[in-house]
Amino acid sequence: MIKTQTLLTFFKETRAHTETICAPLQTEDYVVQPIVDVSPPKWHLGHTTWFFEEFILKHHKTGYTIFSDDFAFVFNSYYESIGKRVIRTDRGNLSRPTVSQVYAYRNYVTEALIELLEEGIDEEITKLLTIGIHHEKQHQELLLTDIKYILGNNPLMPVYDGQFSENIIETQPQKWISITEGIYEIGHEGPDFCYDNELGRHKVYLHEFEISNKLVTNADYIAFIEAGGYQTPLLWHAEAWDWVQTQKITAPLYWHLIDGEWHQYTLKGLQKINPEAPLSHISYFEAFAYAQWKDMRLPTEFEWEVAQSHFNWGQRWEWTESAYLPYPGYKKEPGALGEYNGKFMVNQKVLRGGSVATPIQHTRPTYRNFFQTGLRWQYTGIRLVK
Amino acid sequence: MIKTQTLLTFFKETRAHTETICAPLQTEDYVVQPIVDVSPPKWHLGHTTWFFEEFILKHHKTGYTIFSDDFAFVFNSYYESIGKRVIRTDRGNLSRPTVSQVYAYRNYVTEALIELLEEGIDEEITKLLTIGIHHEKQHQELLLTDIKYILGNNPLMPVYDGQFSENIIETQPQKWISITEGIYEIGHEGPDFCYDNELGRHKVYLHEFEISNKLVTNADYIAFIEAGGYQTPLLWHAEAWDWVQTQKITAPLYWHLIDGEWHQYTLKGLQKINPEAPLSHISYFEAFAYAQWKDMRLPTEFEWEVAQSHFNWGQRWEWTESAYLPYPGYKKEPGALGEYNGKFMVNQKVLRGGSVATPIQHTRPTYRNFFQTGLRWQYTGIRLVK
Amino acid sequence: MIKTQTLLTFFKETRAHTETICAPLQTEDYVVQPIVDVSPPKWHLGHTTWFFEEFILKHHKTGYTIFSDDFAFVFNSYYESIGKRVIRTDRGNLSRPTVSQVYAYRNYVTEALIELLEEGIDEEITKLLTIGIHHEKQHQELLLTDIKYILGNNPLMPVYDGQFSENIIETQPQKWISITEGIYEIGHEGPDFCYDNELGRHKVYLHEFEISNKLVTNADYIAFIEAGGYQTPLLWHAEAWDWVQTQKITAPLYWHLIDGEWHQYTLKGLQKINPEAPLSHISYFEAFAYAQWKDMRLPTEFEWEVAQSHFNWGQRWEWTESAYLPYPGYKKEPGALGEYNGKFMVNQKVLRGGSVATPIQHTRPTYRNFFQTGLRWQYTGIRLVK
Amino acid sequence: MIKTQTLLTFFKETRAHTETICAPLQTEDYVVQPIVDVSPPKWHLGHTTWFFEEFILKHHKTGYTIFSDDFAFVFNSYYESIGKRVIRTDRGNLSRPTVSQVYAYRNYVTEALIELLEEGIDEEITKLLTIGIHHEKQHQELLLTDIKYILGNNPLMPVYDGQFSENIIETQPQKWISITEGIYEIGHEGPDFCYDNELGRHKVYLHEFEISNKLVTNADYIAFIEAGGYQTPLLWHAEAWDWVQTQKITAPLYWHLIDGEWHQYTLKGLQKINPEAPLSHISYFEAFAYAQWKDMRLPTEFEWEVAQSHFNWGQRWEWTESAYLPYPGYKKEPGALGEYNGKFMVNQKVLRGGSVATPIQHTRPTYRNFFQTGLRWQYTGIRLVK
């Protein structure tokens, strides 16, 4: 029962934290979807709630009544195996359910789950609930970066929170950490929560490498821009070069050159670039080109995992050279929960670490984040290997 | 001064009516843009206000202070000659300014204009104000049809107004009104307001024709559907046939076949089709194909204007066979106001009449509405000629 | 029988002329389709042949054997009502049938038709044959302009015919021809061949206008370019301005600015622009913008037809302001031949006149050509009205 | 000098073999490009020739005169660092240079290179020439599969070579080859030619696995189709499922269901499927879904390389689960040759083996082929691991 008590607290805190993230928003901010990769905050609120209702309450709480059939339809995300979802690109077209209806839905489901927890739950529900909580934590990160995009894409560039600090300067001197050749173990072990994609733990053979103890800074990257990095095809992958040309990319996302000086939109509003701060909002394509220009490279996810205890991390999701693939012996969950991770294991890159948007308890040395190679709205950064 | 008093009343009523249309909306409904042809209600509120500020207050009211430079930027529509507009497809991405800020903007501009009017205005301002009022009335129609699209596109299909009647049955017997061959005069005359595209009045030569005293009904159109109209290429223009195939069109907009029975989304919510009611929400392409199938045709806009006094109209905008072109001697206004009508005079069709969404005072026998041939979100209908 | 003899000669000459147009081509030139509006020369050869086989030989020649079922499939164009056509965009993907097979097909059908003609033909076949010959003449013009596009789009810019003169200078002084107000008759009359879209002859009422006795020259148009015409939104239709921006249009098709001097690709190869020569290869959008800039306008097709006997024409297809619409009383042919003209009567503009690519016998004062407003690969020009 | 003699023979044989592949073609077949991934045969002939001219003759043969500046422009492929290339999608629009001009170009360059070789060449030229020969061998494979696409995409489905056998039945009984856990060496070693992407040789740690001694057959795959594999979203990656839906994929490329029986287009023409023959023309997406359905998986490229000596291979390029990434210590060539491989190392999958279209001498156990996950026009196949 102590465990249930802990879980109850964890659950309540998680639900409350999602709403704290939304506290500075206006009703209108909950609704829009400027690009397909960003979801309306309203949708995050509803979808994380739907997850608890669909996978726990509907099947495991006696006498539970679905809040609304329509909501189940609207807030399913990508679970193809469960009914017809609302096409992802359509999310920003939906004014209903309203924000207050979505909050009512949240409260209804939160209360029902607390009730269920207080009655006591078995192993299976504990497992599902734990996944549900981590699922919501994962969405908290997306929620914050989606909010940043929604506000930063607006010509009025409104402030989200005048106190929010995205950029913590790393003051330590640059060093190269050397890792020796040999067999290493990779992947999660122990009883704590992890996603299926962090299992099973397995051996890899690494050759010797040196990895930086610091992230690339804005000043480093401005040097790349000023050296003509965005105009030099040999630094880029073929697909990346097409992307640069087609999208007319000339700087990281949220950067604006105003009267000859670089600025960036932050959650505090538009600010001058701090050259010492760690670079952010670059795609894998840009991370790779930058490393090429430095005549270095990005780490693999295995190198990163082996070396990570030697440096501080957690400000930026760090692009790795590794494609997002199953570990040996990977088995996805049966049924709809199996759609969580495995179905994205193609044409994406692994990111390691965690960012200023990542909730506490939602990052660990074995955590594998993943995105397509051209995406930039996360707090992504670069750590070099030579 | 009496005239100014009338204008003042007209202005106030118009401003108030726009807000009345929005009264049933939730804040979220003001924000979204499901398709490019539909604008968020918030944008209509702001844009009609910006028009008065940009063309009147800014230049003609002593000491007037612009409400916000940003708003001028956000609420310009298509006036290429005045600064950089927000790209039309981006309107639905903007959560700010908020709805309450937009209402504050409205009130600020309305008050300033009332003040200006009470001081007394000259000919030029009278003319600009009259255009501004009619501009807002024109947007009232779009506002209502855009609201219908926003709600009707939502899988929850919310009710806008349980009392709103879109479909008034024409009970008179079908007759064919015969118009004799000869020279007729077309276009607006007299001192009342009209748009530049209704001028100059000119002569046309019409051959004899017969025009129906009734609109095509839902029952008429269901017969076309059931006869395979949407599967018969010879009934359609080549471009229309591509449209039918690509868009997978099989019925008018808002029609749903539920358990073998046709329903339509209305502002009262989803309802069974009333076979006697006038057909609505069809494109020009469909209107033409239907007429082909009946071995009849659509009227030209000139035929319509000449015959219109012989039948009741005003429920549906009626597609004509006429392309939207300038009348002989047409001169567009100099400067930005010249962008109002003339720039759309290519690849669009004229509609005549007016609809259940058209505000009183905003329709007359010479009024020329115009849309692209595939659009269906207006209350469009069919009147046949043989 | 004399009539049949004349028709036989007309038929033979027409078939031979198509092949003469192709004489300068290499085998490879027959195959490609650089843009969707251009068809491979091989396809024109096959399609004009298929027309005679499908509409005459198959039904009217005893014992006739189809040359190849596959060819019927490949060379149908847009006759939706006759079997499944090869999608228009796919024409340039087909290496087979080979050019020599297509010529064998031509000879087979030509011989069979000559045989049929020599046996004597009835009214119906005479009518079909006449249409088939005019159909082939119409394709001769497209064939030549498509060849120009295929060669002119190639970075090697090969010469088609060193003697081919596209540009005949009009040396007469500029005059304005004045036409008085009144009722005029429009459309074809008499026993000679015309297309269904030139019928029926009907009355129109024209207001007074003045029309130029000369086409706009290259020098005239260079003045428009140099005055910033392509950068002035108020001169353009809204749809045209999008076209200019999206397609990055800055000059007529085939124009190249080389070392500060305008050149154009012609069938003689790349040549310096002759300022005195009539402008060509402009879209309706450009024609309209140019007229706006001159504070004049384009003629309607009715004005053009009424005034045409007062000036020389035939070098350029002349854009009119008229949309391509049916004349009063227009009836399209029953069956597949009805797809010839009527199905294009939406969102296109009428051109009048004829061009250096138009075969003799294929133009007349009542001929109505039509294209979409952005197309430029025909020898199109501008005649102004004020 | 003996080495030079061998190289000379190798060079001559390679040049001759390319032309042998083209021997069954009609001139028209050389020109077309039905999809962007396929190049016209003419282009392959020119491009492989240009490679020798650009990288060897131009810089290393005294007194050599470029055949044509235009050809250098037209036949560059993706070497962004050398001048402006013809956009890849435009290749099929070019009728000139003609096929016979391209052959003249080939002969000119071949002769010049033979002359150079007979004069004797140094180490650097030897290296460049070797790359050039292997480059042409690589294009021979593409040439044949592009020809198959050009002919197989044509509704006439012409025969390329009535003797060409694509499908050799594997008659051995199915066995599972077991490989034990441990450290293995991967990558090319020794003096023979390899591409830069096969270097440097390095260690990997493999866990135990079993791999099939046979490829998946047509009968195996028909079972997957009949079990509804293409309609079961849980078997597919999310991106793959979109691909299946959007492209309406229901069978391998070149498969046609005719009167209830599966046929496939082969270089011998259209034939009934042989159930015993190895499956071909499937994408990575399909290979993965099939393996999921069998509850097995694809090998990694390392597993394949370690196990390959235990089974016969060479009929099908075999999809692996490995993303195409640089080996540890990979260094791309400096300058334009560095564009050969490295720039494609993102969002592609490694294929191992070789196919019936692969020239002798152009495959080896360490060879790494790579394609995007949706491509199917190569002779791709599936080998399972459990």
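Lettered A, B, C and D in written order, each chain numbered from 1.
Everything below uses one rule, namely that contacts are C-beta pairs under 8 Å (C-beta built on N, C-alpha and C of every residue); 3 or more make two chains touch, one makes a residue touch a chain.
The chain list, named the UniProt way, goes like this: A, B, C, D = Ergothioneine biosynthesis protein EgtB.
Note that the coordinates shown come from a computational prediction; the quantities given were computed from them, not determined experimentally.
Participant: If you apply the touch rule, which chains end up adjacent to both chain B and chain C?
Facilitator: none
Participant: Measuring between mean CA coordinates, which chain is farthest from chain A?
Facilitator: Farthest by centroid: C.
Participant: In whole angstrom, what separates the CA-based centres of chain A and chain C?
Facilitator: Once rounded, the distance between the two centres reads 57 Å.
Participant: With chain centres defined as C-alpha means, what is the inter-centre distance between chain A and chain D in Å?
Facilitator: Here the centre of chain D sits 37 Å away from the centre of chain A.
Participant: When the C-alpha atoms of chain A and chain B are each averaged to a single point, how far apart are the two points in Å?
Facilitator: 45
Participant: Residues touching two or more other chains, restricted to chain B: which are they?
Facilitator: none
Participant: Per the contact definition, I'd like the list of chain B residues that touch chain C in the complex.
Facilitator: 78, 80-81, 183, 202-205, 207, 233-234, 236-241, 284-285, 288, 297, 321-323, 325-326, 328-329, 338-339, 343-347, 373
Participant: Can you name the residues of chain C that touch chain D in the complex?
Facilitator: 26-34, 42, 70, 73-74, 86, 90, 92-99, 150-151, 153-156, 158
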